[in-house]
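Next up: the structures, one after another.
After this come two complexes, each holding chain A, first together with chain B and then together with chain C.
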Partner chain A sequence: MDTDVLSAPYVLEYTYQRSTGPVIGRFLTALRDARLEGVRTSAGKVLVPPLEYDPETGEATGDPVEVGQSGTVTTWSWVHAPRRFHPLDRPFAWALVKLDGADTAMLHAVDAGTPTVMATGMRVTARWRAERTGSIRDLECFVPAGGASR
Partner chain B sequence: MSAPPDERPPVTVLQAPVRLDYTVTAGHHLSTYLRALADRKIVGGRCPECHKVYLPARGACPTCGVPADAPVEVADQGTVTTFCVIRIPFDAAPFPPPYVAVAILLDGADMPIFHLVRGIEPDAARMGMRVRAVWVPDDQLGPTLASIRWFEATGEPDAPFEAIASHL
Partner chain C sequence: MRDVAIIAFAQLPSVRRDVTREEVELVQPVVAAALAQAHLRREDVGFTVSGSCDYLLGRPFSFVMALDAVAPWPPIHESHVEMDGAWALWEAWVRLQAGDIDTALIYAYGKSSLGDLPEVLVQQLDPYVVAPLGADAVGLAALQARALIDAGRVTERGLAELAAARRRQAADNPCAQRRAPRSADELLAEPYQVAPLRAHACPPISDGACAVVLAAGDTARRLVSSPAWIRGIDHRIEPHQLGMRDLTASPSTRLAAERAGALGGRFDLAELHAPFAHQEVILRDALGLDDGVAINPSGGALSANPMMVAGLARLGEAATRLMTGQGRRAVAHATSGPCLQHNLVCVLERDV
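For the complex of A and B:
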């Protein structure tokens, strides 16, 4: 028997295409227009990103609500070595960002340049792509309020 | 390329591909089987206790619990034990549908392999059908089951059900 063992790349790929439903579809359509939208629950909370059902009551959520382009980092984690499918090709932070006017925080990237800039409670602002298609990637990332550190 | 935002219809569909990049390590037994394919040979392993021929060979016979890796070359022809006619197209389909995927019990083996049968009408696929390997040209042979392009009907009479009954 041969003692050398063969190995080879093996790619498993599912090319899923999903229906968004009306609530996420509206959120993505707003991103295409460089706007951030959530939904209001019956208790008056604003959920961003929107959910179809209120996690507290199970009721369908209500009207869309536009929120601010800036927000506050509630927690974050630094990525020293971005991987191929990450939103940025340089070190960045994954962060939960509570947008102004929202009651929940949204996961996205912060292009901060260096982790020493990052802090819970820091203010960040959306940076949009010029070509937008109706995807979460239309929002390229957040940058520290007062200017990108690029 | 894209229209002004308010002229485009609302977003209703999301592309959400999932991709996993693996490196598969074949292990000794599978490597032996794959290397043999590059020489137009199909090599399994026999269990010394129950004498079953596994294809590829196994580190242990699941029935007897002993190594089942005494190399045995099996034939490149055999009997269809079961089949499926693919009629719905998908991205990785090897041919435009309809086409026939089969489990084949190669002569001398006790475990079927999975492959395709070409050159028959899908409705002609059946259990017991005798088929033989169609190998790729020499310059395309490699340590992969793709060295067998597909199987074709031999034209022999079908094998009786009893010949495959214990291998289904």
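For the complex of A and C:
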């Protein structure tokens, strides 16, 4: 078999800008201010991160709602070998975190040091970056509640 | 509804990396083989539709280059879905309901090896609050596995036993990629990829292609001796935010199964598109399958998982078994998106 294969580098990227709209845009702007905001559905549920439409009914969602900076881990996984595009460069947990005051959980990283610290139902709290730009990564990660925060 | 059947299925053996063939060269042999099985010439096909993903090749409209495999001149009636080929089959089934054509060719291909697959798959996620985190498919599936373990529905050993069973079945499938037998104890000795998932509970990275031919009513009966009739087919989707879903259940599979007439029926076999071992547990429960149903006799997506192909291959594998007399009634399933977000269910039946 001929194994003399030609190859060339290729960068996978979006080369255009998108508007984030009134709901996601507001969420991202709140992140820049180190605040976490959800949105209330007509049934009274608080969705965090917010959506423009209630996934259960398709109705437009309503008022923004500020939620807590701490929450409860509903499930988690442990990354032994972070990839170059991951939020942390040392072993960490992915977790779904139901923030205080929210009815849905959001995905983020937990900087727990070791998997033995992690458990479903544990409490975590947000750690913010000093320089914030209006991105989900302004929230650097969550840390176990009571643990060190920068 | 018009009776439509799967009358042919061909696939390439899945491999970790095919460095010598371009996409069109993967598609051509499976299209030729499927048409030969169906006793059809390409110019007799009423409708052609494919499933593939631009992100794998890193090039927009990459499916256009694969079209040469079906020699689309003079011009043909053709379509494409940026999805697994199972959804291309769905489109073809809908198209055949119009009644003006009697046959359709569906093909799917994926060279998952071209890039770093976990990194490529991040591109399918919410671009605002999930993709910037770089949440890869294994990390997300591991969240689902943990939730299922926490709920007491499976154990890490249970996942290893399931993976060992699929390997035993894959040993009989020349197109499967993971065919070497391993005991559950051997598999449990593997390190975690992303805990609680070890490599055996995750799919292999695969390059491959497959093709299916559909035919309606008397045309199907005329072309082959035992068509695998589509008695019901439906697909449903769940919210894209993982934290808004119960990851331990698959309500979209359940609803699609209900609409497809797959609940409460008696099945000889099931081909379930469960790239991760724990997802098979969730799907089995959603479909209400008992121990009497042979699950993934092909070895399933744990044994070969070419992106955009593995779902259509489930329908093709199930149909082939019916057409060759290894059962009379089967349920086939395909999935798309992270953690079983979008699910298609198809009931197949052979005439007695």
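Definition applied: the second predicted complex is superposed on the first by the 131 of 150 C-alpha atoms of A that agree within 3 Å, B and C clash if a C-alpha of one lies under 4 Å from a C-alpha of the other, contacts with A are read in each partner's own complex, and residues count from 1 in each chain.
Simple rule for what comes next: a residue touches a chain if its C-beta (ideal position, glycine included) is under 8 Å from a C-beta of that chain, and two chains touch if they have at least 3 such contacts.
As the structure is a prediction and not an experimental result, all values here were calculated from the model.
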item	value
Contacts of A:Arg18 with chain B and chain C, given as first, second, both or neither	both
Which superposed partner A:Gly113 touches (first chain B, second chain C, both, neither)	neither
Touched partner set for A:Val5, first chain B, second chain C, both or neither	both
Greater chain A contact set [chain C / chain B]	C
Touching partner for A:Glu131 - first (chain B), second (chain C), both, neither	first
Which of chain B and chain C A:Leu47 touches, first, second, both or neither	second
First, second, both or neither for A:Asp33, with chain B first and chain C second	first
Chain B versus chain C as contact partner of A:Gly101, first or second or both or neither	neither
Which of chain B and chain C A:Pro64 touches, first, second, both or neither	neither
Overlap of chain C and chain B interfaces on chain A (superposed complexes)	1-3, 5, 10, 12, 14, 18, 20, 24, 28, 85, 135
Contacting residues of chain C [partner chain A, same complex]	19-20, 55, 58, 115, 118-120, 122-123, 127-130, 132-136, 139-140, 142-147, 150, 191-192, 194-197, 238-239, 241-244, 247
Touching residues (chain side chain A, partner chain B) in the complex	1-20, 24-26, 28-29, 32-33, 85, 131-135
List of chain B residues in touch with chain A within their complex	1-2, 5-6, 8, 10-32, 34-35, 69, 71, 91, 143
Interface residues, chain A side, partner chain C - complex	1-3, 5, 10, 12, 14, 18, 20, 24, 27-28, 47-49, 51, 55, 74-80, 83, 85-87, 94-98, 104-109, 115, 120, 135-137
